[in-house]
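What follows is a short report on a single structure.
Every chain is named by a letter (A, B, C and D) in the order it is written, and numbering of its residues begins at 1.
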Amino acid sequence: MDAKERIARRVALEVEEGTLVNLGIGLPSLVANYLPEGVNVHFQAENGVIGLGARPPEGMEDRDLTDAGGGFVTAVPGAASIDSAMSFGLIRGGHLDMTVLGGLQVDERGYLANWMVPGKMVPGMGGAMDLVAGAKRVIVAMVHAAKGAPKIVPECTLPLTAARRVSLIVTELCVIEPTAAGLVLRELAEGVSLEEVRGLTSASLILEGEPRVMPLA
Amino acid sequence: MDAKERIARRVALEVEEGTLVNLGIGLPSLVANYLPEGVNVHFQAENGVIGLGARPPEGMEDRDLTDAGGGFVTAVPGAASIDSAMSFGLIRGGHLDMTVLGGLQVDERGYLANWMVPGKMVPGMGGAMDLVAGAKRVIVAMVHAAKGAPKIVPECTLPLTAARRVSLIVTELCVIEPTAAGLVLRELAEGVSLEEVRGLTSASLILEGEPRVMPLA
Amino acid sequence: MKHAITPARAAEMIPDGASLLIGGFMGVGTPHRLIDALVAVGRRDLTVIANDTAKPGIGIGRLIAAGCVARVVASHIGLNPETQAGMISGAIEVELVPQGTLVERIRAGGVGLGGVLTATGVGTPVEEGKDKLEIDGTVYLLERPIRADFALIAARQCDYVGNLEYTLTAHNFNPVMALAGKTVIAEPDHILPIGAIPPDAVKTPGVLVDHILERKP
Amino acid sequence: MKHAITPARAAEMIPDGASLLIGGFMGVGTPHRLIDALVAVGRRDLTVIANDTAKPGIGIGRLIAAGCVARVVASHIGLNPETQAGMISGAIEVELVPQGTLVERIRAGGVGLGGVLTATGVGTPVEEGKDKLEIDGTVYLLERPIRADFALIAARQCDYVGNLEYTLTAHNFNPVMALAGKTVIAEPDHILPIGAIPPDAVKTPGVLVDHILERKP
């Protein structure tokens, strides 16, 4: 199982029945593939639909039904079209139960940076700032380190996405819960040692008892 | 022709082709009866429709289609249902070309008071404050005096509806245009003398040449 | 997927002292069966936030007459002498809010904005006790967001997901209030299977609706 | 009742240097024929306010590639390397705005509010140079309203009055932008007779629409 699948499988376990969930593009979007059997979720595409479904059958694509990445999607029965004001009203107004986003850095405060690298990459924040500021739960789903360089750091050096403590960090190595006291290491992936994680993490990690083995289903 | 009909007929001449118009309940609502032939207007009922029509035929009333006074109405072909946020967005955002409202007092600044009499009548402002603050043109349609007591006064003694100069005052006796310099008497109704108007008006009236005869069609 | 509840069950959920956003405009688009259920169980000390209190014997007027209401936030109470009498006697605390300001305050509460900046009410008694901001040469009042414990929403129809449709002038405050109740109870005339309301016709996404009242008998 | 105009006629109305609100999200719900007409007449120095600049060769990407655009206000330019290159070289001035803030700023401009109070962007580079207000214990940014000379709106269909319907994820910024252009030009796929769009299906009332583009060839 590769790193991304492992992350997506673990995040999928956080998805609760009947909730409204927004998955970021890229890795976070994989989460939809691993939902526990029978769990009924409303996926929001912030560009305009609640009840986002899978890819359409070949030849059935509609140019007016895409996800936030611009890819063709379907809408499930019972879906609702929403304009951008309603879409971000749901996000900002506390109606979105959970968002899953990628990360460039997360720090000991639990603050996330994921939208720009000054001088290199200025794509714009899109909906990320509203999502992190507004969602009830923010889960960062990211590969633990960037070619060996830690992404979980004492304090973000990249511009923040929001001055808000995210709810959970899920990587292929571990699960970390940011708390008022700092970053608590909750789970280690099977076969991964504490030392290994510490070696790829520049932030301090707090242990509250033994980390459990990261479940994948 | 009674006072109200005279006022409604004169105001009707101010209504321009293709515009969005909101008529207050009571006297202002009569304006719709006297529109010049062929003039096509969109009437807004602020409770939820653009394209307000006449009373429905007997037995065809719908409990979900009323005007702001709660009376049954029709919707013209091409009408649009609007919620209160859209309705007042149109009013506040400068999309409403004209509103016609009743008045308790108007003063030399052109300020209108029409929503409460302290200690006596506190019905609430409803949509009046938004209408006066937001409409492009505000026309006050009212009987000139209240049982002999002037309603066009040096300065309103009743609480204001908005600190905005209204566009025109139409009474059964005359038409007055509030300007930066004060209240300019533009028209006198047929057979009405300047002295008569002055006798029922405590505000100063400015003359710019001879007032013309108030047209009624 | 939701299950329909009875009016009596809905009334049980709403305790004495609760704050209620109630849709409707002079009784049109008002959840009449929910109101009757609250009257039947004799709720007390309710705060009602609504455009108006209708007339005696109609809609919110029934709650007033039954002595259920301690506080009213509305734009207009002029057609209900019982509300006015309660206000004068001190039995009912009444806050009068311009209609466009009221709907925006509720929307701000629902979509997570810190307040509303409106020119409506400047220079009138409405500005008393409120912060004023001058922005680019215009003075605005800072009006506070409104949320409530419950939103009671009247809809033409809904599906099993809770997606709502409204009609004509029965929209009014309902779509906005559905964003701003901690618990949202919808009272539809009709309940349809999933898929019977197409995505583009949905005006309130079902994720906002917590409970659905059984269909109109 | 309005008459349809050609894309060339619409482009003639829009001068060099104009500010344009353009609907769409990665080219979905974008008025493509209007954009092509602007490219064809070689407009220069345009300000484009839109969610994104799509990709090279698609939608707003064509305006960028043709050198029509001097200034962009958007939430995301990451999928258009030409916009990013223009930003870095200084050929295009780019203001990046969080998506939810962008849509609310446009709405505020359209519905006559003095600004937007949002927590999105607090503690990030977005707050630079902006007023912050603490309201009831939370810090909000004061974001300015946006209006533009023109709004270019893509719709699924309209009637002769100009009432607009949108579909699925092609709603996005269109309904809000239709409130905030001094001149609003709608580009529908289909044009229907009056009455063919029922009042409850109208999402942009025709009174907001100044010009209708001829139907899709």
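Everything that follows uses one rule, which is that a contact is a pair of C-beta atoms (placed from the backbone, for glycine too) under 8 Å apart; a residue touches a chain by one contact, two chains touch by 3 or more.
Per UniProt, the chains are A, B = 3-oxoacid CoA-transferase subunit B; C, D = 3-oxoacid CoA-transferase subunit A.
The structure displayed is predicted, hence computed values, not measured ones.
Colleague: Could you let me know which interface, B-D or A-D, is made of more C-beta pairs in contact?
Modeller: Result of the comparison of A-D and B-D: A-D.
Colleague: Centre to centre, by mean C-alpha position, how many angstrom separate chain B and chain C?
Modeller: About 29 Å separates the centre of chain B from that of chain C.
Colleague: Using mean C-alpha positions as chain centres, tell me how far chain B is from chain D in Å, no decimals.
Modeller: Each chain reduced to its C-alpha mean, chain B and chain D end up 35 Å apart.
Colleague: So the centre of each chain is just the mean of its C-alpha atoms; given that, what is the distance between chain C and chain D in Å?
Modeller: Centre separation, chain C to chain D: 32 Å.
Colleague: Mark out which residues of chain C touch at least two other chains, giving numbers and ranges.
Modeller: 104, 107, 111-113, 118-119, 166-168, 199-200
Colleague: Considering chain A alone, which of its residues make contact with at least two other chains?
Modeller: Only 49, 75, 81-82, 85, 88-89, 91-92, 134 qualify.
Colleague: What are all the chain pairs that meet the touch criterion?
Modeller: Inter-chain contacts occur between A-C, A-D, B-C, B-D, C-D.
Colleague: Per the contact definition, I'd like the list of chain D residues that touch chain C in the complex.
Modeller: By the definition above, chain D touches chain C via 104, 108, 111-119, 133, 135-136, 138, 140, 142, 144, 165-168, 199-201.
Colleague: Chain D touches which residues of chain A in the complex?
Modeller: 45-49, 62-70, 75, 81-85, 87-89, 91-92, 111, 121-130, 133-134, 159-163
Colleague: So in the complex, which bits of chain B are touching chain D?
Modeller: Residue list for chain B touching chain D: 20, 40, 42, 49-51, 75, 77-82, 85-86, 88-95, 134.
Colleague: Considering the complex alone, what residue numbers of chain D touch chain B?
Modeller: 1, 107, 109-113, 159-161, 163, 179, 194-195, 199-200, 202, 205-208
Colleague: In their shared complex, at which residues does chain D touch chain A?
Modeller: Those residues of chain D that touch chain A are 25-29, 51-52, 55, 74-79, 84, 87, 96, 98-101, 103-104, 107, 118-126, 156, 166-176, 203.
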